[in-house]
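Take a look at the structures listed below.
Okay, so chain A shows up in both of these, paired with chain B first and chain C after.
Up next, the complex of A and B:
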């Protein structure tokens, strides 16, 4: 089987989370291609790096995660997005999933949970 | 039970076999029918040929009869008619023979046709002659006169023709007979052959039919077995569905519940016939509008192919819901239900379902609540009392004093002006240090209720620290918690007082030796209390410190599952004024040593170390200028690379900085407020404040700290505290 390369973009306004995801990713075939701090940056970065996988925070300045999900899916219907957020309001998370995200990971999470979630995301 | 289930490939074998047999059989039958038709034609041909074989001889005999008759003037009419009939019959037979040979497929054989051709050629002149003979006959053959009967002209003509025919065709008729009988032999052979092959075909057909029958029988046996197995499986499913306590059901794309569901579903949802009902409509009276909306959307997500159902389980709005059912007398019954859903993918996507499981988790929820309330009850009453009884009264008073001061300082910090982000972060950091230090003191005394409260404030603060934006209002919960901490201190103080009173009453009544009993009478009540306090006080502050550290060591090693022995030396020599500072430093360092330094027992065994780790604390006052405090553990030592990596994870350094990090730079990082090498945040370590507190305490005393370590062997912290500063502090506090 040929190794399919997945290009991972991280969208989160927290430095710590961005670095953690970048460092924690240890899946074969997943390459980290860039990180954005908000939705506007994410859309700009999308044009530059064309990611296939995205981890997306929901509450961010500039443009929130759900809106960004919708715009990314508009650009690439096959893009796989993992929404990462604290589970304060399930409806908000469900909204983002309705807009085209593929999965949800609850903050706080361990590196193992993150990797497991990314693995499932790829399988989707 | 062994199920007669064949593997996938084998299952199609009988079908293929039956199909093959049927096809072959049809082909055979078709060929057989053809062969039979040919056989029929061949035997007709044989009959015709056999009939023709005798004809030439017959005709010659008739001709001879006619010749004789004409010579003796007898009646030849019958013979002439017979001859004409024979000729007619032969002509018809030859024509039919040609057709029959063609129909029997024998025309493919050249010898048959050649023979027929030859026979026809031999027959043609005879036929012509006979035709002429027939034409000749006009009028009477004889005329009667006195001299007797004589031939008429016609009779003479006939006689000439007969004579001529007999003369020319005698040889011919012999040849024709032979030829026709040879053809008949050939045809007989063909008939025999055809018959034989037809028999073979029939035999093959019978065999095939038998095979077909066998495979049919096998089929029906299999079908019977499968039906039996299906029947058993169906009964088992029915048993499961009737017995299982969870409500199991399927939801179709139209949102309706499927016909097959477990019996419990009725009881759980209090619905008589859930089958065919709309799931959302069933939920509507049970949950609030928002949950209903979320549930509808969540179920919608399960149908989306792009969504990974395993990755959305955590947003299931029905994972635990509180529902109220109306009871007969107008009362309501509250239950807790837990739903989970899975998409069931059928081969045809239109047949897909969502599989739902609902269970009643009321017992679990209520039990959890009960446990929680029990825990907080225990926390508020017996734990407090136990703490009061366990801790030396003076130590408790000292602690309560420290608590009071720490909360006041924290409140002052929070009230201080400064709304900028940096200011607010600094406030956070300050309160954090206070709480961490307080937590350490509480743990050293075994005051669990205070440890927990201080830890909760830390939790709040670290939550705030992660926020991008901070406003003054964000600190309100912290202030509330601090207030609660203070109140808890006051409760403790009041309780201690009451216990103290009870204790002094008990002591005055029973415990004093009889000979001193008389003396007590002359002492004023206050003096008794003071004496008792002194008696309780007993050990010097340095000795108390020693005991407190032993207690802390036991508690922290139990909590972090390490086996550790604390060896202290010279702590009794710590001047009273320096005790709080030394205590603060020792508490943090001891915790760090146990949590970060000493390895678990198994790992120590692997590296050949004694199973029980040791931490040594040594205080010396032999130097003229400085007191020295050494805290040393025989744990895993410090690893500068690991420290660098951790700093990157914590966001303190980037990868390049980490790569260029030297040993002393790495050790300096240990004192950074945000640094910690423990993996989890517990009450004892992990927030990265421990060494920060040490650093602050040493800085305040004008002292310094040094680290020496060898990876895998030991870590030693040496703290030097200037005597001059200590004395000045002692004077200022005395004043």
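Up next, the complex of A and C:
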């Protein structure tokens, strides 16, 4: 049995994307622990499940991903956050990294690209 | 940026979306200015409002059958109304967001809103004529409607 090394929380306002990321995750040692639809839900879920790894959309209602990244990093400076967004310009990626994200993956993505991005994140 | 270049950005986005997400290529037909002020829409329509240096809207409209097959290709088992709305909104969001690579950071996009039903009314910015990009995937026909000024 593989030991759980990372607890994965998925944050995206799209149910289809949340479920897809949950299904696509095939990394050993990465356990899916919950999903949230926006930044407000993500902060509440963080307190309940204490994820170590997060995928984060940017454009979401109530609280967007950039603000949520900053708040999660305040709570846990070691948390690893992969921003997954359709916003494909360089400035958006740089802004997310400056707020504390550890990686950036552009939508649309394949399952293989997702797993590769998560793998890279875990190694950092 | 010329009108042709703007359209090319969205056509490239559509082709990349289908290649990546459902891993089956789509074809884009000849983009054209809408013949009427209000182009026909399909069963589900995802709409993104654009603000910033450019203003207007981008909409992706598709039949229920096409969206259902796309969900299946994505290994999704729930083909209910909520997920069909979700997918059409996500496609509009992705195609609009990807356009920032070419249009720049000040191409601001809203969260998607979704219309269901062919009788729904899409609100177009006044004084702008929409560009319609036909999309063919398998035997299904969808459209991307781009209506941008500025």
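We take it that the second predicted complex is superposed on the first by the 118 of 124 C-alpha atoms of A that agree within 3 Å, B and C clash if a C-alpha of one lies under 4 Å from a C-alpha of the other, contacts with A are read in each partner's own complex, and residues count from 1 in each chain.
Please note the rule applied: contacts are C-beta pairs under 8 Å (C-beta built on N, C-alpha and C of every residue); 3 or more make two chains touch, one makes a residue touch a chain.
As the structure is a prediction and not an experimental result, all values here were calculated from the model.
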item: Chain B versus chain C as contact partner of A:98, first or second or both or neither; value: first
item: Chain B versus chain C as contact partner of A:117, first or second or both or neither; value: first
item: Chain B versus chain C as contact partner of A:109, first or second or both or neither; value: second
item: Partner chain(s) touched by A:14 [first = chain B, second = chain C, both, neither]; value: both
item: Touching partner for A:86 - first (chain B), second (chain C), both, neither; value: second
item: Broader residue contact with chain A after superposition on the shared chain, chain B or chain C; value: B
item: Which of chain B and chain C A:42 touches, first, second, both or neither; value: neither
item: Chain A residues contacted in one complex by chain B, in the other by chain C; value: 13-16, 19-20, 23, 61, 87, 91, 106
item: Chain A-facing residues of chain C, complex; value: 16-17, 20-21, 23, 71, 74-76, 78, 82-83, 86-87, 89-90, 93-101, 104-105, 109-111
item: In the complex with chain B, residue positions of chain A that touch it; value: 13-16, 19-20, 23, 61, 80, 82, 87, 90-91, 93-95, 97-98, 100-106, 117, 120-121, 123-124
item: Residues on chain B engaged by chain A in the complex (per definition of touch); value: 290, 293-294, 297-298, 300-301, 306-308, 310-312, 314-317, 466, 468, 648-651
item: Complex contacts: residues of chain A adjacent to chain C; value: 13-17, 19-20, 23, 59-61, 85-89, 91-92, 106-110
